[in-house]
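Pasting a structure here, questions to come.
Order of writing sets the chain letters: A, B and C. Residues in each chain are counted from 1.
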Amino acid sequence: MRVSLFIPCFVDQMFPQVGFAVARVLERLGHACEFRAAQTCCGQPSFNAGYWDEAREVAARALGVFAGSEAVVGPSGSCVAMMRVFYPQLLAGTPHETAALDLASRTFEFGEFLVERLGVTDVGARFPHRVSYHDGCHGLRELRIREAPRKLLQAVRDLDLVECDEPESCCGFGGLFSVKYPMISTAMAEVKGGSLARTGCDYVVSSDPSCQLQLDGWLSRTGQRPRTIHLAEVLAGVEA
Amino acid sequence: MSQASTAGAVILARIREALRVPAPPPQMRSHATEQAAAAGPGGLTILPADVARPWLPDGGDTPEERVAILTENLRRLKAEVHRAADLAAAADLVATFAADRGWRRVAWHGHETVEPLAIRLGCDTYRVDDRQFDKDALEACDAGITACEAAVAQTGSILVSSGSCGGRALSILPHVHVVILPAVAVAGTLADALDLVRARHASRLPSMLSFITGPSRTGDIERILVLGAHGPRELIVVLVG
Amino acid sequence: MTRAAADTDPKTVFEAEEPHLAKRKFLHDAAEHVRDTAHRAFVRKALGGYYTSRDTQQARYRDWEQARDAASLAKWSAVNRLDELLPRFVGNFEANGGRVHWARNADEARTIILGLLRQARARAVIKSKCMTSEEIHLNAAMERDGYGVVESDLGEFIQQLRGEPPYHFVFPCMHVRRDEISDLFGRHLGTPPTDSPEELTMIARRHMRRLYVDADVGITGANFLVAETGQISITENEGNARLTAALPRVHIALAGIEKVVANLDDLAVLLPMLATAGAGQPLTCYNTLYAGPRQAGECDGPEEMHLVLLDNRRTEILADPEQRDSLHCIRCGACLNVCPIFKNVGGFTYGTTYQGPIGSVITPHLRGLADWNHLSGASSLCGACTDACPVRIDIHHHLLHNRRNAARSSPSRLERLGHRLFALVASRPWLFAAGGMVVRRTLWLAKKLPPPLLRAWLATRDLPRPPARSFRSQWRSRP
């Protein structure tokens, strides 16, 4: 299969290694990856802030960028949810509606794509560490992804997966929320980050670099042990 | 026009105006309900009580199952359940409670399942339905004995009414509520119990129908469960037959 | 006791005299509350047991998701037929011997109730929990007119003594520690100190019994209005509502017009859903249906029953098909119980009658979007509320809808400019790449001299070191 990589704007700028890890895993499984360089951002920041006209502009553009691709795969539950769940709503009643629904049907979150679309759980990775998985809320509740990343992690050699006691709690990132309401956002990081740290894990694995930004930022500031790592990096066999 | 009728007319006009634009049915997760939604708000077919509702908690298919589920639910709710072969045995049982627990005065109402027990109690009794009862006197009673309309296995509830279970206060004011439940009155589900009552009181529903699900309780203090908030601290169900 | 004297002046947090200050107050109170880590832990712990009992009870449903579908359908079909069902309900309620009074707004509702109290020559009034009465500030109005009123629900009673509104619309005093309650009872009722929740409950029980017997008027809310039979349905655990509607001479109930359901069959689904979602119970301890006052042949009950039906801008929500489903709310409180915002900022910070996610959705409709949109902003949109809602209200997406409506009706110039600029950059990949590089290269500087948004981030969190090259640039040079 020819996979079109959907690399969200801040992955592009801040976490390039995650994009490469995605490509490495997919290529190892025999799929070709392409990166359409015209892509920028999915428009979620404006959408979430209520500026839907601006978001619509960005979204309509993205439809064009990914037109004709076989499968669009992104390493962020949040940005994939934007494309799959919110584009059709945002563009409903516009000339782009059909294209939005079409793109939605071809767009997948990385872990979900492996398990649900390709039917793969063991990608041949080894990661000799204790890890805990953090469910990003968009992946969990907009895309209904819960089992896929866990299945993938359980198949990794020498990896010890432990659940935290707040598995369904939000990390408190929420995009602009984290800077407009920093005290609430931080309080949420304390709850989720604290719960993850208590598992005694070496790494917090996530499918959402935005959650990583938040959790890592707080864990690092408070001097706690676990670092965050993207699921794709674990599956690519890369240690941070 | 009076204020009342004007306000009512205005509100109803606002409602009609507001509903001119339809709202889509809620997003469904299951196919069966989706079909019902497609029929539109007036054509709802999912909910009639005669359709089994296989998604709610189980209420049992046979009388034995129903009694078993009810008993288990009542125990979980911290109600007492006792079985008696007939009303005479029930009367003995309740008389023992009265003696063992030191009840001085027990309130009751005239009903074929209650009267035989009341007359055999070894303590003072207070009947509430042969004249206007005195609220203070009822408040001072240690226990109240009532009949019931039905019981609901599914939820562990007892259904009482103001019509045939001694009014509104008897089942809630005394510290202990003893309820006489003929085994045949155990219904499977809430809908079944409501159906039964509707059929029984076809001409006019009693002014109060109450599902009692365990002894009175509160969690208002630190979310810690305490029994006997304002209503009965103890709910004693005597299952007869 | 005629009047529950409050410890402090009744908190006026709700009726912010100057509604435009609501946002500033929210930010201030949230910051304050978040610092109180002991309190936050206390609230988390209090709600900890909720998850266990809810999950246990949900597991007894043969299919919880399908039950949610059915419950949401029942409410959808009722709310979208309100024009037909409400008059049907009223007709049947009056045929049962009750009287209906219509109130377009809070002021009319208060006037009606005060009029009824006058007519009844009420001396003592007992009340059971009713959030709609909080919405219209009924107690304050009654006290102004000289009526002693006592809240009989334990949590509401404690809040009344404390002079505070409810902290959580189902668990009104969940934020109060037992030692505080013991002190409170000591001061007001002269009881000896105790640290047993059971003892404390018994103190309130003993105190209240006299009051039920002596009250001339009982005021309750209503959870459902059954169109088919003209009954009102009241859900409670303590038995105080039962007593309130049993012993006084006059029963007055107050309810929003959206509480109508079509028939008893629908009710038989909604009652268990309400109890399970809200508190993990199979059914709340007392679920009572009232059809008018005492009937001939019944041995007790009130001589009169009145029902005040309140609009108070509910019809405005009804007129918005997108958010009409927020009128499906059965006030179970589940969305609050699972909400990380609620758990971290506490109930009072909202400054609203209805706290938590559903409050953040409906308050802008009830009290003005311009002043209350910040509640929609104060969410990470995690969606825990929507997952918990037994009637499938699209709660967290409605927060998005409120944000969109606010950006349309009262956009902040600066924000609009920011988003326009962003759209401009995002539409030009070269500009986007160049902009990204500038940000990466200057991040070290920005950390030293941070602009306000970055400062807010850096106060509690680190930022990763930006990579030298972006993904797009590295991909281009990939072998």
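Points worth noting:
Keep this in mind: a contact is a pair of C-beta atoms (placed from the backbone, for glycine too) under 8 Å apart; a residue touches a chain by one contact, two chains touch by 3 or more.
Owing to the predicted nature of the structure, the values given are computational and were not obtained by experimental measurement.
Interchain contacts link the chains end to end along an open line, per the touch definition above.
The most central chain, judged by the distance from its Cα centroid to the centroid of all protein Cα atoms shown, is C. Using CA-based centroids throughout, the chain positioned farthest away from chain A is B. The leading chain pair by number of C-beta pairs in contact is B-C. With each centre defined as the average position of its C-alpha atoms, the distance from chain A to chain B rounds to 50 Å.
Centre-to-centre spacing of chain A and chain C amounts to 33 Å, using the average Cα coordinate of each chain.
Spacing of chain B relative to chain C, judged by their CA centroids, is 27 angstrom.
Shown for chain B are the residues in touch with two or more other chains, of which there are none. Residues of chain C that touch chain B in their complex: 46-47, 49-50, 60-70, 72-74, 76-83, 86-87, 90, 96-97, 100-104, 108, 152-155, 158, 171-174, 176-178, 181, 197-198, 200-202, 204-205, 208-209, 212-213, 229, 231, 237-240, 242-243, 245-247, 257, 262, 264-269, 271-272, 279, 281-295, 297-301, 309, 311, 315-316, 318-319, 321-322, 324-325, 328, 391-392, 394.
Taken together, the chain B residues at the contact with chain C in this complex read 3-5, 7-8, 10-12, 14-19, 21-30, 32-34, 36-37, 41-42, 44, 46-49, 53-58, 73, 77, 109, 128-129, 132-133, 135-136, 139, 154-157, 162-163, 166-169, 172-173, 189-191, 194, 198, 204-224, 226, 228-232.
Per the touch definition, chain C reaches chain A in the complex via residues 27, 30-31, 34, 40, 44, 340-341, 343-345, 377-384, 386-387, 400, 402-408, 411, 415-416, 419-420, 422-423, 425-429, 432, 436, 439-440, 453-454, 456-457, 459-464, 466-467, 469-472, 474-476. Chain A makes touch with chain C in their complex at residues 7, 9, 11-17, 19-20, 35, 37-41, 43, 45-52, 54-55, 57-58, 61, 137-138, 140-142, 168-170, 172-174, 177-189, 191, 213-214, 216-218, 220-221.
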